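The following blocks contain the structures, represented as structure tokens.
Two complexes follow with subunit A in common, the first pairing it with subunit B and the second with subunit C.
== the complex of A and B ==
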């Protein structure tokens, strides 16, 4: 049992972390909120004036916002589908005993440690380049027309790159969950004559359900903020074809210097992320007991 | 009981496993191979896989021409600095929450976690303006501060999940023997906490090294770490694939090796203890 003295020192030890995080969150966020109500452009200093909800109206009715929102949903949804679907299969594969398993495991998780700007540029140039890229060569070898990835399907190209980065994360976590499955349960089902497919659906999948939820929620949080991959490959284009909400805010803030508009966009992004965050925090909180 | 697996099944999975692993790892392998080619060989069609003239000239050139070392050092300083500063703030907090929990501890932890879920873009404008006014734009210290705060919740959480597994009884025993709080921390707790602190350190260096929102938006030429330096290859220089590959290989190699060592901790750190 903690004594009064320990309790006092415990509070003291927590103070720096709590205060700093509180400042880190409250100060900039309230500034964003305040700016979002102003007409405020860095190119027109001294012209700031109260604008009420005008910035929100402009941001939300900007056709680029709807496209951005749709692109964000497609990006997050596409990457989740590929990385979680692929992750389940990879986890099942890596759970089988085979020669050199440890090395294959290292190869599979490697993309997660590659910095986003490197993976984006390597994929865009060396793999997906329509003339000299490796994919183009493979296509020609099979007598097919090479695909101009970033010209014809820019958003899908980015989905592929980001999926490659996040597949290892899903694999690693789902594999961890899979390995904690009681083998006796599986063996019992096997003896009762359950086939591989029905064992997967009735025993393995329910066991992994929580890990899958965790992967989906955590990936969503990170994917909503995908930025570097877009910046170095397409700059949000062509047009606004690969502009996400995050990227749109960046453009308004640091390219158009529209502080008010960007702040309104930032608040919209915060609201979107919070919808996901609430579920995740609840799930993790339940696990804390 | 281990399940009996026939050699044939095992061989089949060996082939499939290595094939899939190779495909996923290929972009990295290709980058490393290309970094040893001449620029001509790098864009050659059909691609040259192993039989080309191996050369180290790209590494020499990347190092001599583009201040590569400066950007590398920026990455080292920023990732190491933010991680150490984060640990300094987080260790006492995590210790307190693990060993002297109150009714509110859980709420504090979850609240800290929720700050991590705040999208960076939501605070981009004020941070940028504050940094501009404080002269922190394009400085290492500015990035150290931002990344410390961005990763602090993860550091606290990881440490907390490790500290919680240290049996409290041992502390009780030390206290019974008359150990003061300071002695308790130095002689009893620290040795047991070192592995947890080490894995937290490793994972957070990786996260900070690869961070590519703040590093791209708050730096220019001076304090740019490798993430931002590599991004500069997206413009015309992107045509020089061999040099891009050499710069990339150097940028990812140290972190890839650290990542391989920390793969177990990764699951724990990034799921906040929800999956073990």
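== the complex of A and C ==
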């Protein structure tokens, strides 16, 4: 249908939107790139000067950087493991017919609607608090020593909180995948002599592969930028035990007022995210075909 | 071996009774077709035999052994589903091999059986493909292949041809019949299509609202239907059913005469009517004839029978082929 004229005019009409989007992306990126090459500290206004790759050198050789990188990967990996694994189990449970199914499904989704700062504070003060927390109370009820979660296992605590937030998302997506499985396929497998476990491994899991891929990709995107939960609970501590790359950039920019260093960190984070993305797409991308 | 016996089988979903009570015997090597209108409980009956549904009461015996409480896999039956129910992420080979793999057979034995099944079903060239890359008929054959390799006591088919087009349905019908002769195994086949039932069955079970209306060979059902329901269901085009004065003259509440048992004449006959629509099929012509006081009757004529819309025709029922039914719809002898 498209004649040369309509195609040309279509391109003309699209141009403003494309240009706007391009600028929207290119300008901040190039400004960040530019800042990352400056010695630019808010405590010394008007003294900006060209610094070359010095900011990168400082950021990459910062002893907190490697820890941050490791923490980031641990956080993302841990939350993915718990939310996907738990999500599959929750989805299998919720797929069974039981009384009050509608309400239970609604309740399961609820944590996803709680904003990160609020849920982190709830976990910190009401659940994991070594004196007032629910877990401490349970421990004392059984005569055990309460655990100081953020002191003894800070990164694990944050993984728990973030997992709790993302579990509903994984459950929801995986549940819909599970529901789209043809019942005759399950029955055929049953007649073919497959027990519940073999049915799960050979029929259900391959059927859910695509949904699992989607969950992993989407969660990774958001988990690389987890910030509020860390700020509200541990402030990156104790020491740098819960400092992620994202948090490190924040420390550079807003605690040390080092815009140049933070920009360099931001660029490093972008490169890092892309490496993770390439890795993921290579690993599981074929499921999406 | 594959002798199946149902004893007082009853099935209800909550308060809805699907199958009031059924007794049925299926002999070894028999091709039995369950036929009936949709919602008559024929699929439920098949699923009860398969073990995919639990009986509310009654017993199901396979080779004399009570299987009522056994799990589907332990009954030694194979089922071919309406939607084929192939595993989309597995190749044809793996689909067919799946039941063997689940049974824990060793690789060489699996390979031999799969290739043998593929050869019987002309699937050898497609073993590496996924179900999504196959046509409807091929998928159907894969589903049958998956059923064959288990060497079951009986095959259960749940409307297996209803997703195929007319031409393919015809050829698959033939293939399944041939397979039955080749394998010599009991087959239970569910369909709503009376043509499939007539052409394939050794024994037809006509079901209506969960009740068995009649059991018999195709020709038995055709020649002597026990009641109005069977009379109307078996045979194509449908049997003409006439009520009122014409029926009373012959001492029945309803009389039935098949379109092929009406003699046509342009000069004289029992009933005089006008030709409405004439359907020319080449070999046959179906005439829809309007008769005053009776209504419309369908008559089969020779393909060459030249009558046009609006012309007068005389119909005479063959007396020995006439079916008479009483008030309750049961056949009068």
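What we mean here is this: the second predicted complex is superposed on the first by the 255 of 289 C-alpha atoms of A that agree within 3 Å, B and C clash if a C-alpha of one lies under 4 Å from a C-alpha of the other, contacts with A are read in each partner's own complex, and residues count from 1 in each chain.
The rule we apply is simple: contacts are C-beta pairs under 8 Å (C-beta built on N, C-alpha and C of every residue); 3 or more make two chains touch, one makes a residue touch a chain.
Values in this document were obtained by computation on a predicted structure and should not be read as measured data.
Visitor: Considering only touches as defined above, state whether A:277 meets subunit B (first), subunit C (second), both or neither.
Guide: first
Visitor: Which partner chains sit in contact with A:206 here, subunit B, subunit C, both or neither? Use first/second/both/neither.
Guide: second
Visitor: Does the superposition put A:187 against subunit B (first), subunit C (second), both, or neither?
Guide: both
Visitor: Among the partners subunit B and subunit C, which is in contact with a greater number of residues of subunit A?
Guide: The partner that reaches more residues of subunit A in the superposed model: B.
Visitor: Should A:256 be classified as contacting the first partner (subunit B), the second (subunit C), both, or neither?
Guide: Neither partner.
Visitor: Name the contact category of A:126: first (subunit B only), second (subunit C only), both, or neither.
Guide: first
Visitor: In the superposed arrangement, does A:179 touch subunit B (first), subunit C (second), both or neither?
Guide: Neither partner.
Visitor: Tell me which partner A:118 touches in the superposition: subunit B (first), subunit C (second), both or neither.
Guide: first
Visitor: Do subunit B and subunit C touch any of the same residues on subunit A, and if so, which?
Guide: 187
Visitor: Once bound in the complex, which stretches of subunit C touch subunit A?
Guide: Residues of subunit C touching subunit A: 50-52, 71-73, 77-79, 81-83, 85-90, 98-99, 102-103, 146, 150.
Visitor: For subunit A, which residues are in contact with subunit B within the complex?
Guide: By the definition above, subunit A touches subunit B via 2, 5-7, 9-11, 13-14, 16-18, 20-21, 24-25, 27-29, 31-32, 35, 90, 93-94, 96-101, 103-119, 121-127, 131-132, 134, 136-137, 141, 164, 167-169, 172-173, 176-177, 180, 183, 187, 210-211, 214, 218, 221, 224-225, 227-228, 231-233, 245-246, 249-250, 253-254, 259, 262-263, 265-267, 269-270, 272-274, 276-277, 280-281, 283-285, 287-288.
Visitor: Hey, which residues of subunit B end up touching subunit A in the complex?
Guide: It comes out as residues 1, 3, 5, 9-11, 13-14, 16-18, 20-22, 24-25, 27-28, 30-31, 34, 42-47, 89-90, 92-93, 95-97, 99-100, 102, 106, 108-110, 112-115, 117-130, 149, 152-153, 156, 181, 206, 209-210, 212-213, 216-217, 226-228, 230-231, 233-234, 238, 241, 244-245, 248, 251-252, 255-256, 258-260, 263, 266-267, 270-276.
Visitor: Applying the document's contact rule, which stretches of subunit A touch subunit C when the two form their complex?
Guide: Those residues of subunit A that touch subunit C are 182, 184-185, 187-194, 198, 202-203, 206-207, 209.
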